[in-house]
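Chains: A, B and C, in written order; residue numbering restarts at 1 for each.
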C-alpha cells in the first residue's frame, strides 16, 4: 500500500499541491486525472520523491524519503513523462539498465521479454535515438517493466509509477499499454498512473483520483468520480458523460477496439 | 569533511615532495672538474658556444642547443633542444663527455638524470656587464683546459671594452635608446632594465629609455611618447615578419618621437647584439658608432 | 534522418567491449616494450636484457637510460594517459555531453594558475623554503591549484546536499575567466625565460619523468582512476537524467561527489607532472564509444588502456621525431588528435549528434 499524508508542494510562492492525502492499494490501477496545471504530475513526482514536499509518503509502511536508492529501485519503478538519453545506447542496452538495478537482477531473458511485452522485440539492436517518439516511450516502459518484472516478490508487491504513459501513442498501442498496467495489477502489483485520456481511465482504472487546483477533489471508483458534476467542476466546462454526439460526426471510443 | 581531507592531502604531498627533494639532493653530488681534456663537448647557450669557437676549440664540440646559432658552422651540429626543456635521453644520445651550459638549463629532472649518468655539467655564470662577459670566457676556458687562451681572449675583450668606454668620454649628451623586441599587432614589446638589451645599450653609451620595469613588457602608446626615445633599436629579422622602418615611423606612438622624426632606427643581429659572448665588446662598439657616428 | 534506414545493426556490444579489454591490454604491453626499447640514445633494451640474463653488469649509461629515463617515463606515461582519458570519460558521463572535459570542473584552469604562480613567483620564495620545495614547486602548486578550484566550484554548485551540474558549468566559466585574468597578470610580471617556461609547461611533456614524480603522483592517480572505473553503472544511469538514475537505484549525489573528487585528483596529478596535454580526454572515449558503445562499465576501463597507449605512442613520436631534441607532447597529441577527431565528426556526424 502507498500512503500519502498531507502532501504540500510550493514552487516559488505558488502552492501547487494543497494538503493532499490518499492511499493506493496493490492489485489495483490507480489513475490520477485532472485538467492541465491541476497538480497531477506534481503529485506523482512528490510520491516518487522527485520534488521537495511537505508530508510523508510511505511504501508498505516505510517512509520512502528514508529508503536508500537501491532499495526503492528494487520495489518500485518510475516512468517519467519525457525521457532523455545522452549517448547512443541501443534499445536493449536501455532496457537492461532498468533491469540491472531492479529486483529482477541480471537475469538476461527478462530484458528481451519486457521488450516483447511492448511489441518491440525486433528493435533490440537499434539505436534508441533512431526510434520515433512513441516507440521511444514504449522502450522506456519496457525498461520500467524490466526493473520490476515480477509484480510480487516474497509476498511484497512491486509498484509502477507512470506519468502519462500513453500520451505519445496511437490508439492501438494505448490499449496495449493500458492492458500491461491492468495485467501488472491483476498479478498483485500496484500501479499509479497519471492519465489524460478519460475514456481509457474509465476502462482500465480501479480507482480514479481527480485533481483540481492543487487539491484532491475526488478519489473513488471510476463510476463514482467520472460524473457530470465532478468533471464539470474539475475541468471548468460543462461535460456530459454517456451521451451520444449529434448524428453525422464520427466518434471513436477505445472501448470498442479489438486488439 | 572536505576541508580536513584537503589539508591532509596537502600535508601528505608536501611531506612526500620534501622527501623526494632530499633523495634528489643525495643523487646530485658535486660536479667533477677533472674533465678539462674532454673531447666530446655539448654546448648549451649561444654565448657559451661562441666562446668555444672563439677559443678555437670547436673540434671538440659534438652538439649544441637551439639558441647556439653563431658562428654558422655551429648550426650544422646536432640540436638537443631548448635550454629550458632539454631531453635527458636526447642529451645522452650524443654521448657528451662534458656539458657546458649557460645558467638555467632544465628541467631539473633532466639535469638530475645527466648527473646520475656521471656526465660533468659545468654551468657558466651570467651577467649583463663587461666583467660578466670576461668571467664567462675565463670560466669556459677553465672548463676546456684552455686557461691561457681564455686569458688572452679575456684581455682582448677587456681592451675592446676599454676602447668603448673611452669613446663614451667623448659623448657629451647621451642618447635615449628604446629597444623594441617586437611590434606584433601594433603592440610594442620593449625592454626595461635587467636585460641583455639594457646591458648593451649602457655599454654603448646610450641610456635605456625605459627604466620603469624589469624585463620585456608591452608598452602603452603614451608611455612611448613619455619615454621620448632618440633612437629605436631593433633586431634584424630575415623573412617576411620584418616590419620596415617606414611602418615603424608611421605608428602613431612613434610618430612624434625624435627617433621617428630623424629616422634613427638601428637594426642589429639579435645574437650579436644580445648574446653577451666574445663579440659583445665589438657589438657595443658597433652600436656606439651607430648611435654617435664614427 | 537517412541514418534510420542504414543504422548499423549493433551486435552485442558488451561482448565486443570485453574483448576490447583484452586487445587493448595486449597492445599496451607491446607499446610499453616499444617505449622501453625506443629512444634517441640508441641504448638497446635487448642487449641490456641479454647482459642481465648472463649476469653481466650494465654500463652506467645503459642503466641511466633504461632505468632512470625510459622506465619512469613509461610508468608516468601510462598513469597520465590513463587518468586523462578516464577523467574525460567520467566528465562526459557526468555532464551528459561527449565534448565535456575535466576543464569544466575547473581543474585545468586552477592547475594552470598554480603552475604559472609557481613559475613566476617561485623566485620570490626565501631560499630556505625554495630548498625544501625545490623542483617540485611547480607540480605541487599545479595540483593544489586544480584541487582548490574544483572544491570551490563544487561548493558554489552544491545547495542543500544537491550538486547542480549546470551551476557548476556556469561557475566554471566564471572561475576560468578569473584565473585566466590572474594568469595574465602573472604572465605580465614574468621575465622572458619564465615566459618560455610557461609556454613549454602549457604544451605538456613527459620529459621531466623521474621515479620521484612517479612515487608522488602514482598512488594518487592509481587510486583515483581505480575508483573512477567503478562509476560505470552510475554514469550509465545518469545518461537518462538524474531523476531516472535515482529511480533505477543509483545514489546520484554520492556518485557525483565521487566523480568530481576522482577527476580533480587524477587530472590534477596528471597535469601537475606532465603539464597540459590536450585531446586525449576527448578523443579516447569518443573512439571507444564508436567502437564498443557508450556503456560506461567497459568504457572507463577501455579508456584507461587506450589513453595509456595513445600517450605512450605520442611520447615515442615526441622524443624521436626531432632527436636529439624533443617535441612537446601536447603538440603531438593535438597534431594526431585533431585530424582524427575531425575525420570522426565528418564520417559519423549522425552518431555525434545523438
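Note that a contact is a pair of C-beta atoms (placed from the backbone, for glycine too) under 8 Å apart; a residue touches a chain by one contact, two chains touch by 3 or more.
Which protein is which chain? UniProt says A = Iron complex transport system ATP-binding protein; B = Iron complex transport system substrate-binding protein; C = Iron complex transport system permease protein.
Quick caveat, the model's predicted, so the values are computed rather than measured.
Geometrically, the chain at the heart of the complex, using CA-atom means, is C. Using the mean of the Cα atoms as each chain's centre, the chain most removed from chain B is A. Separating the centre of chain A from that of chain C, both taken as means of CA atoms, is a distance of 44 Å.
Note: centroid distance chain B to chain C, computed from Cα atoms, is 35 Å. Taking each chain's centre as the average of its CA atoms, chain A and chain B sit 76 Å apart.
Interface residues of chain A facing chain C in the complex, by the touch rule stated above, are 48-50, 68-70, 72-74, 77-78, 80, 83-90, 93-94, 97-98, 100-102, 125-127, 129-130, 147. For chain C in complex with chain A, the residues that touch the partner chain are 1, 3-4, 7, 9-11, 13, 93, 96-98, 233, 236-241, 243-244, 246-252, 289, 293-295, 351, 354. Looking at the complex, you find that chain B touches chain C at residues 2, 6, 9-10, 13-14, 16-18, 20-21, 23-25, 63, 66, 78-82, 84-95, 104, 107-110, 112-113, 116-118, 194-195, 214-218. Taken in their complex, chain C has these residues touching chain B: 39-43, 60-61, 64-65, 68-70, 131-136, 139-140, 143-144, 147-148, 151, 154-155, 188, 190-193, 196-197, 200, 205, 207-210, 212-213, 215-216, 319, 322-326, 328.
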